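In what follows, subunit A forms one complex with subunit B and a second complex with subunit C.
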Partner chain A sequence: MPRADVVVIGAGLSGLACAAELAGSGASVFLAAKGMASTHWTHGGLDVAAPDGASTSRDGIARLAGSAGHPYARMSDHVADAVAAHRARLDGTAVAMVGDLDMPLAPIPTALGALRPAAILPMGQGAAVGPWEGQGLLLLGIGHFRDSWVDYAARNLTAGAWPGGPAEIRAVTADLPGLDARNNLNARTLAVLFDDPAWRARALAAMAAVVPPGAWRIGVPAVLGLEAHAEIHAHAQEVLGGAVFEMPSLPPSVPGVRLFDELRRRITAAGGRIQVGFDVVEVERDGRRVRAIHTEAASRTLRLAADTFVLATGGIAGEGIRAHRGRRLEERVFGLPVTAPNDSEWFSDDPMQPHPIESLGIDVDDHLRPIDPTGQPVLENVRVIGSSLAGMRYLEQRCGDGVAITSAHVVARSLAARSAAA
Partner chain B sequence: MPAGAEVDVVVIGGGATGAGVLRDLAMRGLSATLVERGDFASGTSGRYHGLLHSGARYVESDPISARHCIEENAVLRRIAPGTIEPTGGYFVATPDDPDDYLDRFPAACAKAGIETEPVPLDELFRAEPLLSREIRAAYRVPDAALEPWELVDGTLNSAREHGATAHRYRAVIGFERDADGSVAAVMTRDTRTGEEETIACRAVVSAAGAWAGQIAELAGARLTMSPGKGSMLIFNRRFSTAVINRLAPPGDGDILVPVHTVCILGTTDITGEDPDDAVVTEEEISALLADGERLVPGISGARVLRAYAGSRPLYDADEVSGAASHDESREISRAHHVIDHGARDGVGGLWSIVGGKLTTYRLMARDVTDAVAAALGNDAPCRTADEPLPEPAGHSPYWLGDRLAAIEAEGGGDADLVCECELVTRQRLADALDRRADSSLDDLRRTTRLGMGPCQGAFCMPRAAAMLDARRADGRLHPAAPDANVALRSFAAERLRGTRPIAWGDQLTELFLTAGIFRGTLGTDALPEHTGGDDAAS
Partner chain C sequence: MTFHDAAARDFPAFSTDACIKCNVCNTVCPVSRVTDEFPGPKYVGPQAQRFRGPGEGSDAPDHSVDLCSGCGICTRACPAGVLIAETNNRARAGIVEERGSSLRNRLISDTDLLIRLGTPVAPLANIGLKNRLARWFGEKTLGVHRRGPLAPFSRRTFRAWWKREKRPTALEAGSDPSRTVVYFHGCAVNGFEPDLGRDAVEILERNGLTVIVPPQECCGLPFISNGLYPRAREKARRNLESLAQYARAGYRIVGTSTSCTHALKAEYREMLDLADDDATAVADATWDICELLVDLHDRGELDTGFAPIAESIPYHPPCQLKSHGIGLPAMDLFALVPGLRAVDSDHDCCGAAGTYGLKAERWQIAQDVGAPLFAKVRAAKAAGASRAACDSETCRWQIEQSSGVPTVHPVSILAESYRRADEAASEPRRRLV
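Then we have the complex of A and B:
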């Protein structure tokens, strides 16, 4: 029977970061998840805080911390440390982060040609931020890749307001070797092709051939390799003759897959164990404490006992919380109370704007233990992190990654301190 | 034809009935044009449960309608086989269904000319293993699944082959009438460009269905409709291979129709005032699922993709027969009725065709065309039951098997799919846009099934929007068509409308994932209102 100091449930950014930090501090960690999570769906950058009007992430944190019930209201002092810890984990890898909490939030172009605010990005996307100072933006698409829409994106970027933006916006498309007869390509398929040095050399040459003369920063689909990304990115900048940044599009997210792979390596290198693909099917309790969880496993269940359980299963999108008919909300592992907005209407009419229901989640105390409506902890040795937490609208406030790593850091540090004391 | 007349007949309404009238008029040699305020088949015809009725549903409540249904069922199988999937159907008696109805059912069907056959329960459960084991009797009937968009499209194409024209996004805003009160012209407005056009004519057929009362009022005639809202749920897969009907007087949740890769549970019936106000309520959803449980236990825990409502074109019985008023819309006859507003309201040259079913659309068209043709001195016979509809160019886009076969022919697993859920290829969309360069994404959905699968457009919407934008840049998009950003937003809003009433379980998760892709990664919340000029792309 596996036993660990801490069992982390969920393999999104918060669960991975928490397990990595705990494992790095010497705790025994078992991470159990029913599947891949947010990393594989999202853009791979670090959205810490960019609510409307925020000038920097730090300013954004302060604004969000001022609203009662937001996770930052109880954690804002820890964000800087959490970002530092996260960056330290990733430094020297292909997913090293650039930018910091005090950098101006800059509008960066999306694959559809809208602008979204960002400050902290993986190295491969870093050249999207920073003043344009007379440089042009070249969107370089890949032929036969159905999720690259550079002409449409260029027209949208031209149509929209972009103060301080590029001097010129152009779109070009390169046909890459061997793809003439290929259509059913996704970002990951292309990334695997880029990992092959021989193919990559020909592909980058074909891309270079369509770059017009001029001083460009070049946006390319986020497909520049998985394992060899750092090398490919450097190679691309050299061959294309300008700073190159990746532009994430529809899932699967290659930047996110790289991040998942790197954090998984970190966890296992530090002795942590990971099991992805099996749901939690049973919880053993002893009053207000959880003794063990059982997950599915081949032809049996697997009992995982631990001192502490970290719930990092996400909200509705991560399926940590499930809505049933009649607006009944269920936290799927421990049956924790779920807080949802009181509004009679959960949705706005506009699919492009926030829905009130997005703020749903688990209410917690200062130790991130789940609480009931009277404020009492429901389970004393359970901590809740990431987008399971109530009180934020992470898409609108662009705070999901920051809350994930900060809550992971707060929990990991307090548990590590406790196991050091024990 | 009087001087100044542009056509013999203007047909108002581009649903199945209007398309059928247009075709019938054209086949009799009358010149005709059709105007539709939205897309073709975007009203009641497109918001439909997918059933080719055998008529058995109405054998007791509405025997005339039952007979019409079985006759037209045979006609449609002959003239439009490509729009029909011959699923067959069963009427099944649950413990809640009345014994006396069960006893009378076979004889009532026989009287209406509907072939039924008792099915032993062990045979029923072998064929339909998900059905409730509490079902105590079953009859086989000649029901089938019917594809409304393809039917309307084929009917309009046939009408065009006979010289008629049809215009979508053209709303009727008024009528010109002669001194004697009769209709002389129809005033229309393009709903996208605002351009107005008056079409002089000798006669007008209002096939506006649930909206026919509004059209009559514009012409100074009187017609009180009593639209019945019918709400339906779409599940992400089939629970039966055949149509399953409750063996009971018509009620809520009484039918399950396998359609394409999904199935549709219907149908509530609520008398409503406004056919544009077709909002599905939580009460209706609960009622549908509770009744669905009696047919397929566990169905209420299955994944619902969408909820939607159509508006039945029922008329107030007092209007046409002087019969006593009925409270419940289901008791109002489904049978159709031709109203001559010249004889009744002094508005000569205007006929309304109301009531009826999609299954009987051709018969409805025949009856009103008979009246109009006679008035115009045309005695050509109706031939719409004899001549098949034209086959769609290439193969039918609708049946999954056809799409799979086409994709195999085009490159197998490496086909250029824009919509992975419904296997819609880039070529398919390009063909649809070649045919109708003024299409929005929602219009493309009706002609190709784009975005109708489990992800409800999360992946295909931006891909298809980029296609629209490329065509606009090339000058291949109609100037009146919405640009890609407008099309993207309105399609997303339309998809959301159908998801909201059933936003729980997997479909709510899907909605959150879609929001994450759109707003989180693609930044659609900050997308410019309109996409820009074509100077950026080289």
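Then we have the complex of A and C:
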């Protein structure tokens, strides 16, 4: 492997966004990941910042930036740029985003009938936000698809409080052609079916047949195609006679798969390389610099040398950081120091409450270089992005995507500026 | 690999406990993308594994694991380190052990036998391969699809050519491990594509390496893919017996098929449980030819006097290559040829998966898996490409037959570039005479 300018480790949103931006700016990029992950489990939109009480994402950013140690405390000035760069990258594709940092955070329904605050969403989910103004919410399920239960979701939504919500919530289910005879049905197989124009036409007709009279916004499982999503979404609105929004189902998340595929295409089209499936097993150092990493291979290892290494391997959930017996924490690539709450305070008593352990991660300086407890950079040519960063509780604060793309943007821009200067 | 690494290496099914049911594998499986008959890697892998007894085949919930093409994409995508494809392959071998295998599967796996039978009568056999009636008969009696991608037999095997040229089959006195390599040609070069073998040798020798071709057989991968482990072990043991001495002495074993070299590197140990010193030595010494040439280049030892080839060529990195974990060395080499622009197919799998795409009952699945790739290759041809490139033989045959575009190994393009350079260099001399 000829050396790359940058090796990015990790194929979640932050790693993909960083590699896409770097490759787009002309840098040679090699993205190495041990597997695919977060995009396929999440909703495909951008949770930038929605802590309790925040009115907009911008307000949320300000609130989080005020808490010491939060990644936004260092990066809040860059979020707007990062969101703009990310949106520009995706504009004109089926995963183009709608909404912005100043839009009111609106409660939108989830597949299980909970509400979550959102503002920036993929185009296909955009109709979930915005004032209801007397419209009803119709949850239109797909028969035989066991990863989406619209009756259950409607019951939960009806039972819960939804201030300013729809005038009426109703669930209907459509039987789509041939699904009763299928052996296997998941979100991906349905999305592939929707890509077929002939099947799609019959399926949308069957869906239209169960839409009751009335003024509805229609939520459907997020399975409206992988390759032809934009066209299918437009077609669905036309046939169903109302605004249609996708609701991400249980994993796999089709909107997340679309996002992964689009970013992957961006990276490879710009000459970047992606290798998925091999863990980093060795690091070559030269004092405070990393010369190369080695990834596992069928035999021997693959040596990847670069000027800069971007760590985007995630926290506990992404297995970028592992907790061992005796509550020893290990950052798995470089063995960086991990900052975590006191080990007596890792978990809440109530399993459904946020757990302090979520905030663990790597402490960094303004260049997002990993630092030791004295504030000195541990490795000078390593940058840390995404949920590897310490100090956020992304489930509760709903800031994971925003931190991911902002840290990716900060690093990509500073590296691009440096190579331009050189 | 992240879960109980050592244990999982010895017994891939052990890794299935790490499955978190995230369904990522189901989003990348090329077979379940096109057919409803295959329930996907998660079901036939980690879920069904819980019902399998110690023999791995016993108590198999159903036969659906046999629809797995073995491409390995699921294993690479899995964030939890589950060896899904490996588990599936072993499960199939368990079923075959209990319930036997078809004549068809035993025959198409035995490539050495086919070459022994076909080569002496190559002209006749090749007429048969192209004859629609004969192929129809083959489909009805054997179950080999009439349009399954089969390459014509060569009239002379690579080994016969090697012998006729009196080239070395063993080390000569004073051999230097850093300047001598062992060529593992595999059955495809031996019986179907000897020109590729000659291209490879030419390139290796041009770069100062002496090439020896010791006794060897088919790597056994077709048997492995068809769950015929005892036969695969016979092949593997004979190859290890022949190759291990070189590996131990520090010689590199280089192959032109990313499928064969992956078998030597990984499958012998992961599937066939041949985890002895010989298998480890051979695995550590085995190189894909492009991997080796890139390594030479990294050391500044590669002759980079490539003549220009002004062409944009679609390149399909095969699944087996991606399982090597060596990046895309062919792309690195293409970048050294002036004017040559290789475009990554950005497509998961060609569908062939060794013998999978030959089978009457699998042919359509294999075609559907590869269809977007064939369309891209045809579009590239319409835009001026004279050929496509791919590192594994059965993938090349599948792409070539289904797209109608000639498909070659990357080193054949490099060899052509070197030859052009030689021609250009020799022209002035000719003029002087």
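Here is the rule we go by: the second predicted complex is superposed on the first by the 415 of 422 C-alpha atoms of A that agree within 3 Å, B and C clash if a C-alpha of one lies under 4 Å from a C-alpha of the other, contacts with A are read in each partner's own complex, and residues count from 1 in each chain.
The rule we apply is simple: a residue touches a chain if its C-beta (ideal position, glycine included) is under 8 Å from a C-beta of that chain, and two chains touch if they have at least 3 such contacts.
Treat the numbers as computed from the prediction; the structure is a model and nothing was measured.
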{"item": "First (subunit B), second (subunit C), both or neither touched by A:N183", "value": "both"}
{"item": "Contacts of A:V257 with subunit B and subunit C, given as first, second, both or neither", "value": "second"}
{"item": "Subunit B versus subunit C as contact partner of A:W41, first or second or both or neither", "value": "both"}
{"item": "Partner chain(s) touched by A:R202 [first = subunit B, second = subunit C, both, neither]", "value": "neither"}
{"item": "Partner chain in contact with A:A171 - subunit B first, subunit C second, else both or neither", "value": "first"}
{"item": "Partner chain(s) touched by A:L115 [first = subunit B, second = subunit C, both, neither]", "value": "first"}
{"item": "First (subunit B), second (subunit C), both or neither touched by A:N156", "value": "first"}
{"item": "First, second, both or neither for A:M352, with subunit B first and subunit C second", "value": "first"}
{"item": "Partner chain(s) touched by A:E319 [first = subunit B, second = subunit C, both, neither]", "value": "both"}
{"item": "Contacts on subunit A seen with subunit B and repeated with subunit C across the two complexes", "value": "41, 182-184, 251, 319"}
{"item": "Footprint of subunit C on subunit A - complex, ascending", "value": "1-2, 30, 34-37, 40-41, 182-184, 186, 188-189, 192, 251-252, 257, 264-265, 268, 273, 275-279, 295-300, 302, 318-319"}
{"item": "Partner subunit A, residues of subunit B touching it in the complex", "value": "282, 285-286, 289, 300, 411, 413-418, 426, 459, 462-463, 465-466, 469-470, 473, 484-485, 489, 492-493, 495-496, 500, 503-505, 508-509, 512-528, 530-538"}
{"item": "Of subunit C, residues touching subunit A in the complex", "value": "1-2, 21-24, 26-28, 32-33, 36-40, 43, 75-81, 262, 265-266, 283-284, 286, 294, 297-298, 322-329, 331-332, 335, 344, 346"}
{"item": "Sites on subunit A touched by subunit B in the complex", "value": "41-43, 47, 110-116, 144, 146-147, 149-152, 154-160, 169-172, 181-184, 212, 248-251, 253, 315-317, 319, 322-327, 346-347, 349-353, 355, 358, 395-396, 400"}
